[in-house]
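Letters A, B, C and D mark the chains as written, and numbering starts fresh at 1 in each.
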Amino acid sequence: MRLTALTLLATLCGGGLLAMPTLANAQTATETVKVGVILPLTGNTAWGGRPAKVAAELAAAEVNAKGLAGKYKLDLVFADGACEPRTSYGAAEKLINEDRVQVMIGEWCSSASVAAAQVAADAKVPMVVQISTADGIAKNAGPYVFQSIMQNGEVQEREAELLLQKFQFKTAAILVENNDFGLSFRKNIREILERKGIKVVLDIPQDRHDVNWYSIITSIQGANPDIVVASISAGQAANFVKQYAESNMKTPLFFDYPPPPYIFEKQVGEQAGKLGLVRGAFFLKNPDMSQREKDFVAAFEPRAEKELGAPHPTVHWDIVTYDAVMLVADALKRAGAKPDDLAAALAKADYQGVLAHYQFDADRGVKPEGFEFVFIRTTPEGGLEVVK
Amino acid sequence: MSIPMLQLRGVSKRFGGIQALQNIDLVGQAGEVHGLIGPNGAGKSTLIGCITGVNRIDGGEIRLRGDRIEQLPVHRRARLGVARTFQKIRLAQQLTVFENVAAGLCAKRFATASGWRGVLAPLSSRAIAEPVEDALVATGIADLADEKVASLPYGKRHFVELARNLVAEPDVILLDEPATGLTDDEREHLSMLVRQMAERGTLVILVEHDLNLVGRLCDTVTVIEYGRRIFNGTPAEAQDDEAVVRAYLGSAKLAKEAQA
Amino acid sequence: MSETSAWILRALFVAVLATLPFLVNGYWLNMAILALIYSLVVYSITVLTGFTGLLSFGQAGFVGLGGYTYGVLSVKGVDPAAAAAWGLLVPTVAGFLLGLPAARLRGHYLAIGTLGFGVLVGQMLNNMVDVTRGPMGLLGIKSFGFDRVTWFYFVLALAVGLCAALEYLDRRTFLGVVLKSVKYDEISASASGIGVFAVKLLAFSASAFLAGSCGVLLAAYMRFLTPDLFISAESFRYLMMSVVGGVGSASGAIISSLILTAVPEALRAFGETNVRLLVYGLMVLFVLWFLPGGIGGLIDRLMTPVRRRITPRPRVAEPAPQPTSLPGRAS
Amino acid sequence: MLTQIIVNGLILAGNYALVAVGLTLVFGVMRMVNFAEGQSVMIGAFVAFTATPYVGYLPAIAIAMATNAVLGIILERTAFRPFRGMELNGLIASMGMSIILINLAELIWGTVPQTFDTSFNNISVTIGTVGVSVQRLLVIASSVVLLLGLWWLVQYSNLGRQFRAVSEDPEVAGAMGINTNAVARMSVVLGSALAAAAGALSGPVNLITPEMGQAEMLNAFAAIILGGFGNVNGTIFGALLIGMVQSLAAVYVSNAYSNSIAFGLLVVTLIFFPRGLVPERMEENV
């Protein structure tokens, strides 16, 4: 009250012209926007959530240092979603109602993201789902939720296209885990392959909690396809490759994108290398990568090693989390922190991030054209290379 | 003569390879105290199990007031008026005496289809509290109404079980060694209760080792040995029956003589 | 504790809960709402295990059936009230049907049999993609149009009302005695004319109804569903709530679901790391060590003298058809 | 193909059996479900994984079993002894312990699933038409040896007689001068050590993570029920049955419902045999 009165007095005293810019400057220096970030920091997906947290912190540091969000400074508040819907729901509630975040980013697993997105939608807090690829999370959650990664259907279309280009095969076995990308993969890939005249000789889902793949391998052996195309999540994929290699299987193997590069290679690089395993990827560190990507890797990896206590080669999950923070910063700069303005600005985003060029469609899903998608192969030495 | 309250004809029961009961006949009239005796392992408890429905019989028939009941499950027979106590007392240990006795009301209340309607009635309502309290008073355990059964001395639990049976006003009550572990006073109380029940027209079937008690209380005695009925008649006749003396009383007499 | 002070304490507890919207922010209010909704599934265990002595490891299955029935129908455009009615009916029927074979099982055979049911429902919700959208999650569920404070008072009234009803059923009614007779001794119960099988079926159906209502409310309140909300681990979490609350005590159930829902959230103060869950595990152990009867056991210990005094029996003194010579000996 | 299905089934069965007999032992003696058995598997795998570089694989299994024996003593003290006669409390207390163990493991070994390779992993022999690693054969062989050992122990040793006496009737056993506390402790120690063996043996077949062991628990439960709770021989039989049926069903039916298949088998069995295929004891005598 008194301050306003004083300011008023000062303005009235004729310092108006001088006072105006000072006032604006004061505002620029102080306005902080709280950004809630939900990631799996404990539990079976924490291997990915913890480095992604470092990437988000890196992005925020850059935004604040370089003023990328205009007059706003970002203050990230992290919450553990544990890759569980119930925990993520609690995390989102806490971020919105207790920490009063004005915008959210997160989670990792689709079921957890769905939970958090519902909270954000109800509270009318804009949210960027940056990792979960389940189809239509943003579309179903309503006008405040955006999905800044290609959705399963789109990814799988690219994969099928590349698959037909890079492999020669007439028959295929489809093998999936019954989680969100697995089931979606099963449906989409089958449709596309059959349209191209490929015969699907085997099509099996496996329960996502079942680590025993031998039975499925036995079935594959019986069906004897030209190629096995599979969509299996991170840890399970390694189990599968291990058991597949051990069974002396020689049928070429193609994987959907989920197995994390490097971690996967550390786990079963030898076996995967022997099989010449090929899988989809949004990103792989390689000599031909773009300057933006090179810069990111250079800034991120030392920081991640320091924070995590071990070297961590960059994977796309780190970059998309970084990019999501940048997207938010960009929208803030353009439209300010009011939820409706911010959501509108996100909808109109035309932002060149590290991984992709981000533009959203009418359903607030990111346009797939902005993304590159490649095939990567595990080398016999257990390294990784982009399939040319 | 009217239809007997309970009539067993040719009842047989096998457990695996053991013929527990063979061709047992038994007739009990309303108002009668019927002793069921025999050496350990003769099949007395098994027979009670057959009458109440815990054990399914392999042959023969069981009639209650002329109607066959051997195919009915335990709770249906209870609702028709067959009550029992257990040799090894079975009560809800963690419930109070009052609650245990109230549970006995089920046999009466659920006897008709409309019985379910009253299940939400409070325990303090007259329809429940009055008969339960009467039974508690009759068995002399009214002062223990709110004690947990687990905290009672063994002898008292017999009376809780009796009260639980009495409250349903059964037509047939089977008492499986009810005097075990009772003091002399309690034993007298038990005898009086048995007589009262019989006076009210209940058929009491008494399995008991205390032959003194059996002799004083029973109008009729059935003796079984190795699953067969070897005697049926009055207690006085039983004492003179050769087979009974040999099978059972004999051993007891021998034991007495040895003691002397 | 006198009866009056016990009533004052109860009233105070409800009053403090009722002022929550004025005391805490939306986040904690949300936690309270969820906890009160979860108390319904804990009540379902109170009825099944606490009263009737039947152990179930598959309650999440009923919650899931209730939730998904409501969710799927409401997404399809069915009116929320009608969807809720179906959401209550389907798990109740499932409980009845499961009860038919399960009522013949005892103890751990029953527990594992019901675990099988829970696993099956979990896998079905996940695999029936065309109906449930499977692991992609079900969004766009319609609700009753309450705001958060209304929701709070709604579920508070439900939870407290059910708690009172169950306490009354347990301690004061004939049905309570019937259920508990089955729990403590089936054989003597049937000898007393109790249809044990029918009672068990009733308990199964009632329990499934309560668990299903929890599912309907979860779906209507959160307005999203994923199969991960109803995996077997959830059944065990409900059981944990029930045991910490004291199985068989409805008052314990509501307090324990409030505590066990709030604690993991409050422990976020330990940082978003494993330490938080470590402390949670330890806390459960400590409660069990020091309160083996759970919270309900503690309440009972405080209330027991009250119970004894509130059932005086003046009629007992009256000479009814009295034994004249041989009164029972006072112990 | 059939050879392959049988080998698959045997591997599954061996794994389930090692977990299930531990559960059954504890249940038989204390009437309690040890919910932390799955975490004993996990700890066993990680201890063997940590010890292998220093002492070699086979001694590492022994170390894991010894470590888990100590863990068993801790479990018995914290989760079972305080709750004698209150089986639900024991179940929930062991659940509390399992939460603690998972999070401790995440703190110690991290959350990234790790490969636990042994020299047996890379040797593959051909059975029928496909390769089977020696490691997997080792799993089968060791399970058989351990289970035979346990069977001998329960059937013929002094300790085994005490186990059976306490399982039959703890009160009578106590009256006969058997130290029921010691027998209870031994049951948890043995159960835990067997779980460690299961973890150390199957760890190299799959990746090891702090979350492992939980899926086996479900199937172990089913195996126990099929075999009759508290009955070691019946449990082994139950595990074998479930392993085989799962292995067959995975090839000829579907793998999306693999757990349901085990439980479906269980439920059908329970409908016809409400007390398991090998009943625990005779019907109560009234």
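Note that in this section a contact is a pair of C-beta atoms (placed from the backbone, for glycine too) under 8 Å apart; a residue touches a chain by one contact, two chains touch by 3 or more.
Nothing here was measured: the structure is a model prediction, and the numbers come from that model.
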| query | Taking mean CA positions as centres, which chain lies farthest from chain A? | reply | B
| field | Pair of chains ranked first by number of touching C-beta pairs | value | B-C
| query | Using mean CA coordinates as chain centres, what's the chain B-chain C distance in Å? | reply | 40
| Whole-Å gap between the CA centroids of chain B and chain D | 48
| said: Quick check: what residues of chain B touch more than one other chain, meaning two or more? | reply: 54, 86, 90
| note | Among all residues of chain A, those touching at least two other chains are 42, 178, 205, 207
| field | chain D residues counted as touching two or more neighbouring chains | value | 103, 106, 214, 256-257, 259, 286
| task | Provide the residue numbers of chain A that touch chain C in the complex, in ascending order. | result | 41-42, 78-80, 84-87, 89-90, 93-94, 96-98, 110-111, 114-115, 117-118, 122, 134-137, 140-141, 178-180, 183-184, 205, 207-208
| query | Which residues of chain B touch chain C in their complex? | reply | 52, 54, 73-76, 78-79, 83-84, 86, 90-95, 98-100, 102-111, 118-124, 128-130, 133-134, 136-146, 152-153, 156, 159, 164, 168, 183, 185-186, 188-189, 192-193
| said: Touching residues of chain D toward chain A in the complex: what are they? | reply: 1, 4-5, 7-8, 11-12, 103, 106, 110-115, 121, 124, 126, 129-133, 135-136, 205-207, 209-212, 214-215, 246-247, 250-251, 254-259
| Complex contacts: residues of chain C adjacent to chain A | 25-31, 123, 126-127, 129, 134-137, 139-140, 222-224, 226-229, 264-265, 268, 272-274, 276-277
| request: Would you tell me which residues of chain C are touching chain B in their complex? | output: 169, 172-178, 180-181, 183-185, 187-196, 307-308, 311, 313, 315-316, 320-323, 325-331
